[in-house]
Amino acid sequence: MSSDPGPVPRVSRQEFDALFAEVRTWGRWEPADRGAWNRVTPEHVRRAAALVRDGTAVPLGRPWDTRPGPDNPRPALHHMTDLGDVEPPEPSAHKDFLGADYHGKAVSHLDALSHIAYRGRLYGGRPARGAVGAGGARFGSVAALGPLVTKGVLLDLPAVLGTGWLEPGRAVRAADVLEAERALGTVIDEGCAVLLRTGRFRRRRELGPWDLDAASAGFHVDAVPLLAGRGVALLGADGDGDLRPSPVEGLHSPVHTLAIAAMGVPLLDNLDLEGLSTACAGAGRHTFMLVVAPLDVPGGTGSPVNPVAVL
Amino acid sequence: MSSDPGPVPRVSRQEFDALFAEVRTWGRWEPADRGAWNRVTPEHVRRAAALVRDGTAVPLGRPWDTRPGPDNPRPALHHMTDLGDVEPPEPSAHKDFLGADYHGKAVSHLDALSHIAYRGRLYGGRPARGAVGAGGARFGSVAALGPLVTKGVLLDLPAVLGTGWLEPGRAVRAADVLEAERALGTVIDEGCAVLLRTGRFRRRRELGPWDLDAASAGFHVDAVPLLAGRGVALLGADGDGDLRPSPVEGLHSPVHTLAIAAMGVPLLDNLDLEGLSTACAGAGRHTFMLVVAPLDVPGGTGSPVNPVAVL
Amino acid sequence: MSSDPGPVPRVSRQEFDALFAEVRTWGRWEPADRGAWNRVTPEHVRRAAALVRDGTAVPLGRPWDTRPGPDNPRPALHHMTDLGDVEPPEPSAHKDFLGADYHGKAVSHLDALSHIAYRGRLYGGRPARGAVGAGGARFGSVAALGPLVTKGVLLDLPAVLGTGWLEPGRAVRAADVLEAERALGTVIDEGCAVLLRTGRFRRRRELGPWDLDAASAGFHVDAVPLLAGRGVALLGADGDGDLRPSPVEGLHSPVHTLAIAAMGVPLLDNLDLEGLSTACAGAGRHTFMLVVAPLDVPGGTGSPVNPVAVL
Amino acid sequence: MSSDPGPVPRVSRQEFDALFAEVRTWGRWEPADRGAWNRVTPEHVRRAAALVRDGTAVPLGRPWDTRPGPDNPRPALHHMTDLGDVEPPEPSAHKDFLGADYHGKAVSHLDALSHIAYRGRLYGGRPARGAVGAGGARFGSVAALGPLVTKGVLLDLPAVLGTGWLEPGRAVRAADVLEAERALGTVIDEGCAVLLRTGRFRRRRELGPWDLDAASAGFHVDAVPLLAGRGVALLGADGDGDLRPSPVEGLHSPVHTLAIAAMGVPLLDNLDLEGLSTACAGAGRHTFMLVVAPLDVPGGTGSPVNPVAVL
């Protein structure tokens, strides 16, 4: 892997559609709403639990962010609703309200299969129009996913490259994934969760926030067939996984499109992977048990989450 | 254990204060905000992971409830904010807003140590007035807790009694805990999480919702010294853990008070334990790995959660 | 007018559609978004101001209601966000957040022309599907309405009948309107706002809240051609104006449909008209200057309001 | 009035406290919550209505702003909750949720008397701590104010100066008020509402938004005794009325403090006065009937409003 990866290959819409057809798993599973999470069998859960050796639990969610910024145009809400003076004591109770339009670049969250439609169709081929309305999603709800316990793999690209972070716009390509896998001694296999660290939050702490829609490091679509071939159940990143500017003609989020709409692979966006990077480096391994426990929102297109890696 | 437990013993405020002093652990740990979660060592995490044998993950959170009712006076919000027609395609993105004043009886949530003050003081003795304000909690925030991975124990009282549920107002006393432990073949020990099933959600499905503040099955305070002596890290229930009407003079939530303010033990409220009851009965054991992953809300007094039991 | 008005005449869908065609004003005005508010000329505004004789301003909005109930399934939110301890003093500032899904039966609000579509079409004939989406209304937004100053007429039916209120299910028919007009010495004419008092909030205070969707006093559709013929600009009520159960086959809100979708007449729902009833009785007249000042919400389908009657 | 007004005089805290004592009206009125609105008698209402000559109604509220920016760190919420697909048709209903933490610089709103405390005391001398809590304000709520109908006076400073706007930081001093009054042929007198136009929204449209807390044109405290002497009932502005940086030592909002906490004068913040400026210039007069109709929020510290000027 080189820190100067050369120009990002452009992808035509026709090439993209061929990729989409190549990685598509429509009709493979029941229930279809769980998509690639159907890959995770009890045996995978047991093997994930067996990866716990140090007994260290590392949270991957970032703090609930109520401050606006270039990567947080719809800040989350946090309101205190009782300071011990509303409901009568004793005891006095302190209460709060939380609210968030959590998709975007600021809240750590899971994308369910209803989040993305391509050419008007959700994963499995259902027309989005009939399936998602003001009352929520009738297909692909986060409630259909439930929790996930599986092997997680940290693709710590900055660690491999010996840099603090990948610069915004840096493509993570198939060759990068293979080299990271080798360099970090990890194996991406059936049912696992792949977490891509670009170093976004280290960069953000050092240089300040920026608009990820304008430029962010992320997977180039050429890495997706590799991940599809390995049978991943979940993709996550410290951004939203997508390279921006998008290399695909007329498509703002091609990796979202392939993962969610073609492969049935939910995404974890905006994870803070800095602590996990340190923990993995310390432990000398980049695999761990990952637990993702989305809120059970009927009709929800996803959920804020605080995934936990246990080493 | 008898299905007719006799009258509920009343507790004077003086007796309660003696109990409070008896189970208090103020000053024992650093950081104090994590309270009894400091009991959970890496060794406990490893032993919890070793409890995973079947590879079955059971979610304990109930559905996000937007309908008002006697146990849901402040219904949660779920608003669709993009139906593929706001942000330009392709792909089209579906997005939603979630909001909740989650304390109460409807949302599955974790209470952090800032949630409850007794006689004006939070766990550890800090005056609540200086520590919790409109900007949130400066001590005992849910952000200070982080995630928990530990051994969970299901006290499935209806299973022990051979009933569908405990009637509202039924006290769960020290003797009941001991009998359940024995009958279910479980052991409550240092660092574990105890989950009390009263059958609330089975009763709710069959008979409809009711106001838990008026009557609910829950721990009598006489069970708390037993739990304290075992060194529990977390208490959870399918209600909020407290018996109502409260047996303690002038105190609406005595178990909350003892657990949170005296013992530093966070609480899980409103868990749906019906699925776990079935899974434990099927597996023939009532212990499992429990993972609780609250949102990282700076200054938050708790968090909606969807805890996962893995058998 | 009789307090025993006899059975409510049923209306077939075919009859309703004929009514719809009869009162329809599509294509009459520019801008179409303002509908019947285009009837209110500067001369109407001047004449309304000339109705101010006593100098008494009576608010018609009911209190912001955060408590759930049979007529308030989506309670409004009111959260304190600063108690003088967030932003640094001096001075100390107290701040709050307000939120409401205000359509329904609990918040006093204005319905803009985008609120209702019949047979898929908004006022003027535009297909609703293209005009209203997750980003809001592109036609018939409350922002297009702006404020209204015009003559208001209180149809105080209980005063005419000498009762405290109309019972839920009582139809207000064309003959009732004519008799009320005569008995109260008022004239419904071009550009005026007609406010129907059924006594809902007096009944609610005395007997408690009930589900207005199940039963409410309101206009029968046979009163609408009369109101249309007079050229009203606005209809308001202490309920939502519609009689329930609906007398029209397969249509839950026929008066909403005729007023908004056919006539371009915005509606004011859930006004508290008890104070105005007393003030009008005291003044010996039922006409006044009415000022309605909706929030300027781009794309909004209406707005919470506190209309003011000035006598 | 000069477009180069010279340096802004600094005011010590001691001088400010003397000003506070000078303009204080504590104890003058019952109910105290309505403060200076008690000045507005029925005779004032009648005279205000008599100012309506052209029949032109001009809204002063700015659009509900959901986009973050330097003057909008807590953007308002606007969510569509029904697009005709939630509640069953016919007719189809479109509904939306509105939410705002409306104090600040983005939402046109009214400040009630509970909004500001100085040295821990609200208007009338009540300690703020006991009067305002998480449940809202028990004194000085916007619900106690009700609506206001009175004579409005537009102090159109840029029109007087022949400029597009006042630059941020420009003080509006007593002499400026007197000169504007004379130049515009208006009279500020007992019970009237004074609206200060600085041209903020014209500047914002031409140059973009900026942080008003850092720099804004507004009243210098030396103008306040003049306004107090005239017996104004309400002050409004296209900013928040206060000059920033504050000329008073250790006090971020001295005009808020004097108006609200000393004089009992509510404030209207963030009015868009551009349309009114044009209308007044066209009409050749700067007085009009002003109607302010806040939402009736029990315990609310203010309300979003869309005041209406009628010429």
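Order of writing sets the chain letters: A, B, C and D. Residues in each chain are counted from 1.
Keep in mind that, in the parts below, a residue touches a chain if its C-beta (ideal position, glycine included) is under 8 Å from a C-beta of that chain, and two chains touch if they have at least 3 such contacts.
Just so it is clear, the structure is predicted and the values come from calculations on it, not from any experiment.
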| item | value |
| --- | --- |
| Length of the shortest touching-chain route, chain A through to chain C | 1 |
| Number of steps on the shortest touching-chain route linking chain B and chain C | 1 |
| Which of A-D and A-B has more C-beta contact pairs | A-B |
| Interface residue overlap between copies chain C and chain D, same or different (over half shared) | same |
| Angular offset of chain B relative to chain D [C-alpha, multiple of 5 degrees] | 180 |
| Interchain centroid distance [CA atoms averaged], chain B/chain D, Å | 47 |
| Whole-Å gap separating chain A and chain B, where each centre is the average of the chain's CA atoms | 29 |
| Chain A and chain D: spacing of chain centres that average the CA atoms, whole Å | 46 |
| Multi-partner residues of chain C (at least 2 other chains) | 77, 80-84, 97, 133-135 |
| Contact graph of the chains (line, ring, star, complete, other) | complete |
| Of all residues in chain C, those that touch chain A in their complex | 77, 79-81, 83, 97, 134 |
| Residue ranges of chain A touching chain B (in the complex, touch as defined) | 41-46, 49-50, 52-57, 59, 61-64, 77-78, 80-84, 87-88, 90-104, 114-120, 128, 132-137, 143, 146-149, 250-253, 256-257, 261, 289, 291, 293-308, 310 |
| Interface residues, chain A side, partner chain D - complex | 67-68, 72-75, 80-86, 133-135 |
